[in-house]
Amino acid sequence: MIFEKPTPIRDGFGKALLELGEKNPRVVVLTADLSEAIRVHWFAEKYPKRFFQMGIAESDMMGTAAGLAVAGKIPFVTTFAAFATSLAHTPVRVSVAYNQANVKIATSHGGVCVGGDGATHQSIEDIALMRVLPGMTIVVPCDANEAYKATLVAAEYPGPLYLRLGRVATPIFTNGNTSFQIGKAQVLEQGTDLAIIACGAMVGVALEASNRLRQKGIHARVINMHTIKPIDQLAVVKAARECGAIVTIEEHSIIGGLGSAVTELVSEKCPVPVERVGVRDVFGESGEPDEILSKYGLTAQNLVGACRRVLNRLGRGRDV
Amino acid sequence: MIFEKPTPIRDGFGKALLELGEKNPRVVVLTADLSEAIRVHWFAEKYPKRFFQMGIAESDMMGTAAGLAVAGKIPFVTTFAAFATSLAHTPVRVSVAYNQANVKIATSHGGVCVGGDGATHQSIEDIALMRVLPGMTIVVPCDANEAYKATLVAAEYPGPLYLRLGRVATPIFTNGNTSFQIGKAQVLEQGTDLAIIACGAMVGVALEASNRLRQKGIHARVINMHTIKPIDQLAVVKAARECGAIVTIEEHSIIGGLGSAVTELVSEKCPVPVERVGVRDVFGESGEPDEILSKYGLTAQNLVGACRRVLNRLGRGRDV
Amino acid sequence: MQTTGTQGIDIDHIKDMATQIRRDVIRMIVGVGSGHPGGALGAAEIFAVLYGGVLRVNPLNLKDPHRDRFVLSNGHICAAFYSALSLAGFLPREELNTFRRLDSRLQGHPARVKLPDLVETSSGPLGQGFSVANGIALALKLDGSRGRVLCLVGDGEMQEGQVWEAIMTAAQHKLGNLTLIISYNGLQIDGEVRKVKDLMPLKAKFESFGWECAEADGHDVVSLQRAFMASPMVDPTGQEKPRAVIAYTVMGKGVPFMENKAMWHGSCPTPTQAEEALLAIGKAKGFEDYPVLSNRTMSKKKGGRK
Amino acid sequence: MQTTGTQGIDIDHIKDMATQIRRDVIRMIVGVGSGHPGGALGAAEIFAVLYGGVLRVNPLNLKDPHRDRFVLSNGHICAAFYSALSLAGFLPREELNTFRRLDSRLQGHPARVKLPDLVETSSGPLGQGFSVANGIALALKLDGSRGRVLCLVGDGEMQEGQVWEAIMTAAQHKLGNLTLIISYNGLQIDGEVRKVKDLMPLKAKFESFGWECAEADGHDVVSLQRAFMASPMVDPTGQEKPRAVIAYTVMGKGVPFMENKAMWHGSCPTPTQAEEALLAIGKAKGFEDYPVLSNRTMSKKKGGRK
């Protein structure tokens, strides 16, 4: 177990990077004037020759990373989610994804828990922007331990990969020592009344909602879908078949992210009622993370509400 | 009727723009070294003062358009789909969408019918990239007449709007004189055996597939979903209820576009089997448009196949 | 010592306004517990000069087609912007209490949807605002407006490629009605601009892009005022050139322990440090601190206005 | 008249290679019915000089860690690039028949996935390749490789902001192992670069960004060779500078009716025009036209190799 107390998810990344510096000489790190925010300052200090400060020029940074990859390095390119996935979208598309360059894009500030900086810095689009690119793998760890493991695995995983790391301190749900496999979802709680599929910091919210539901006799299956692409088809289809209803929750727009991936899949394999909990297609705003989560409907209470709605649609919602 | 013979969809846009130049002095046009490709050279010639050549600098062009809008103009900003929606994604997000600036983004080269230029110029992501932005309206006309009408309507429609215009000559399906309403889908053929929902140049493919199905006694409802956002919820839910199965087809990735919008909606309102026909999460390539459509599975035959699959899933596919 | 500026403006009053902006910036940031003091303190004189007389804007005539437009491209320093707006009568003073809080109009980065008459364009992601300023300048020319556009960027911000696209656009379209102000404090988040990604010689760069470029002491209100008010130069063909003013500033200016320290780009002082800062800044003659609204009045950290 | 270059390379042979590139470009484009002849014809000498001796690359040792790397950032002129590759032994000559056709390795814009050993990075969207070239140069320095990186961009391409980000990156990271070649033909799709968005004075721009900058006649192979082979200059601190070579070229060079006409940026000649063009270009001593494969051999417009 690496982390036990609530820790920013990005810290798991920074720590793993430091180990990779030691273990794998091909690993290099780039940042665009945000070393500390994305926790690459530890690596920078220890491995200055393999650390590239690129200034406030995210598009060029992404292209440079592609060049380093083409020449055999394993670059981790780091900045805020909005700047990697929206501002640098074309270099990601052309120089990383289309080239199948071995670039790992790691970001903080995905989602709304950004604090006072407000809408422009809250990326509720990054997963959608990356998911539409062919060949892009997308990993959203739910705690610092998972971020740590995912980072180590990412370095070995061939090809473009997007790693979304939360900014605020998040409780620890996963064990630092168990294995982590890209594309293989983790069932955190068993149940067949309905399935809750969550990613990132929303996994904690899912567990809390599941607890509340359990008190009312509803047994939800809770799935930590840390890999959004390629999504674990088996886990989703199994959940649809066995539970008959799904609720997704993500700190992202309800358009284009985890929720969409799930509805695409069940519509194709096993149509069941799905409710998507996420930011409802509006921009965020300044505020304390907990205030924003409430205002934008990302709390356990909201999730319980969505579970009730989906069960109602099946005629089994009476008791919630 | 404006156009009768097969015409590039972009020509309908260029023609409407010319009329807007006369009718509405607030309309201005920007391009990034692609005047003729996106058919704004007619406007440029007639209204040079309201035409801004921005050079090969799409991000700056998008921000400049936002400034013109903030100051009261109605800018049509034009380039290829990939350069407007991917390269200039952040200015679209921040300066257009978040500002709710009255900017109309009009592009050619959305989809794979681009010809020899290949993958980098074939935008199979643009709809997904725009759909995730709050407040963005997305219109994909199916022929030059619809493009003509949509352009005139867009100029009056308040707020950010994305208009995707095909490059190659496309048969005419819609009447130039009937009214066009953003957000209101058009049922081109009645039927209740299943529904085909199409947009852009794929509407023609849908009609052809529907013909073939009809010969086998299968009556498909064919819906021209020219507005992807806000999608016509009523039309989709009605199709799900009355037909029980849906096939979508679009010249776009099966991720994030029309197909996703439909699966999101039916999963929430009326889960039914859906098959999505589109580019199957791979990059495009050089070739003749018809060769590419075949290779990437966007023909009437492919669509009939998808219809058969979806009917099979309902146990009603025997006859197709 | 000079006390009236080039336009007969009261120089001492502007200096006091800068002092008040500094006080406001510290109080706003410590009040909410986050924000970007360094760049905001360094731009106090720039904002005082702009809203103390240079900008032809009027709180009673927000829609005047001939008004000047101001675009803050380096949105993170908006504490100083909001303070200046409130001191110039565009915002209630007490609204500064809502800075960066839920439901506030004073977002952590300026948001046009929240303040449509005062914020020309939302900023935050660096490099975005300047292009919008160009667009406004183009529209003003088209409409024959006498209004000018003044746009402020940070030095680190100039590492963004879009800034250079916009530099080329302003030159190509002969935007003589546009002035770009660079707050050149030599620092950005990760340290010295010189070491992160050097911009010098910046004046030579602007000139090679067809701009006129002046340099000014960013803390000398007379120097700034002169630079901001100068009429545009014309090129050999008789067409006006856009003008850049490199305003040399000091990050954290006015608060000795913050001066020239990159860590104060975006760190919030402790209450004790804030006390010390306010003491160092001193009092502003003719201005008053905005009144603190208790948390109760603001109903749990929420802004009073929508 | 000089017949051997700075490295003892046979100048006449390189000129003939340029002629053959021009012939290939015309035949490839008219063969498939689309493409970008103007810029490709204008860059014939640049490619001949690069693949005729300047680049230390070897078709028999594609993975040599000390090899030079070439990055084509203005991907639309790739007909000339593919021709040069085939003439230098990196591609079968007859493969040029597959240009821009379904399943071909010779995509309309260079695709790394199709030719991983020859195309360092996919290009097409302008402004992308140069940043990748910088990344490769950084990696070579890290690995102590003797290889250099040469990157070609178009003049219109330099209007992209990312190019200016990359210019700053190369200067900041002292990429003495990088040479940027600008094919300066003064034209882009919508007309004169000067009128679309002027870049002049370009040399002054590079110098103000801390680069060394040379100018060359883009059709004089000796001038080009000298510029490409020069050793990097060092700055006052003893560190190497990146080098830009502005190669003044003529769009459509060698085909009188195409010369200096923006419409030939991306138009395909008719078969009659192509005949006329080949006549004007003339024959290349020591080279041969690639053999035409009949459509039958190519199984309905498809490339022979995967």
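A, B, C and D are the chain letters, set down in written order, and residue numbers restart from 1 in every chain.
Criterion: contacts are C-beta pairs under 8 Å (C-beta built on N, C-alpha and C of every residue); 3 or more make two chains touch, one makes a residue touch a chain.
Predicted, not measured: the structure shown is a model, and the values here were computed from it.
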By mean C-alpha coordinates, which chain is most distant from chain B? C
Taking the mean of the CA coordinates per chain, how far is chain A from chain C in Å? 36
State, to the nearest whole Å, the distance from the C-alpha centre of chain B to the C-alpha centre of chain C. 41
For chain C paired with chain D, centre-to-centre distance based on mean C-alpha positions, whole Å: 45
Between chain A and chain B, what is the separation of their C-alpha centroids in Å? 30
At which residue positions does chain A touch at least two other chains? 54-55, 57, 59-60, 82-83, 87, 90, 94, 98, 119-120, 283
Junction residues of chain C - those touching two or more other chains: 111, 113, 122-125, 159-162, 165, 168-169, 172, 197
So with touch defined the way it is at the top, what topology do the chains form here? Options are line, ring, star, complete, other. complete
Contacting residues of chain B [partner chain D, same complex]: 31, 33-37, 53-57, 59-60, 82-83, 87, 115-121, 283, 285-288, 291-292, 295
In the complex, chain C residues that touch chain B: 69, 111-113, 120-125, 128-140, 142-143, 161-162, 165-166, 168-169, 172-173
Listed in rising order, chain D residues that touch chain B in their complex are 32, 34-35, 75, 100-104, 107-109, 111, 113, 122-127, 156-157, 159-161, 188-190, 195-197, 301
Considering the complex alone, what residue numbers of chain C touch chain D? 159-165, 168-169, 171-172, 197-199, 201, 204-205, 207-210
Chain B to chain A touching residues, read off their complex: 82-83, 86-87, 89-90, 93-94, 97-98, 119-120, 124-125, 128-129, 131-134, 253-256, 259-260, 262-264, 266-268, 271-276, 281-283
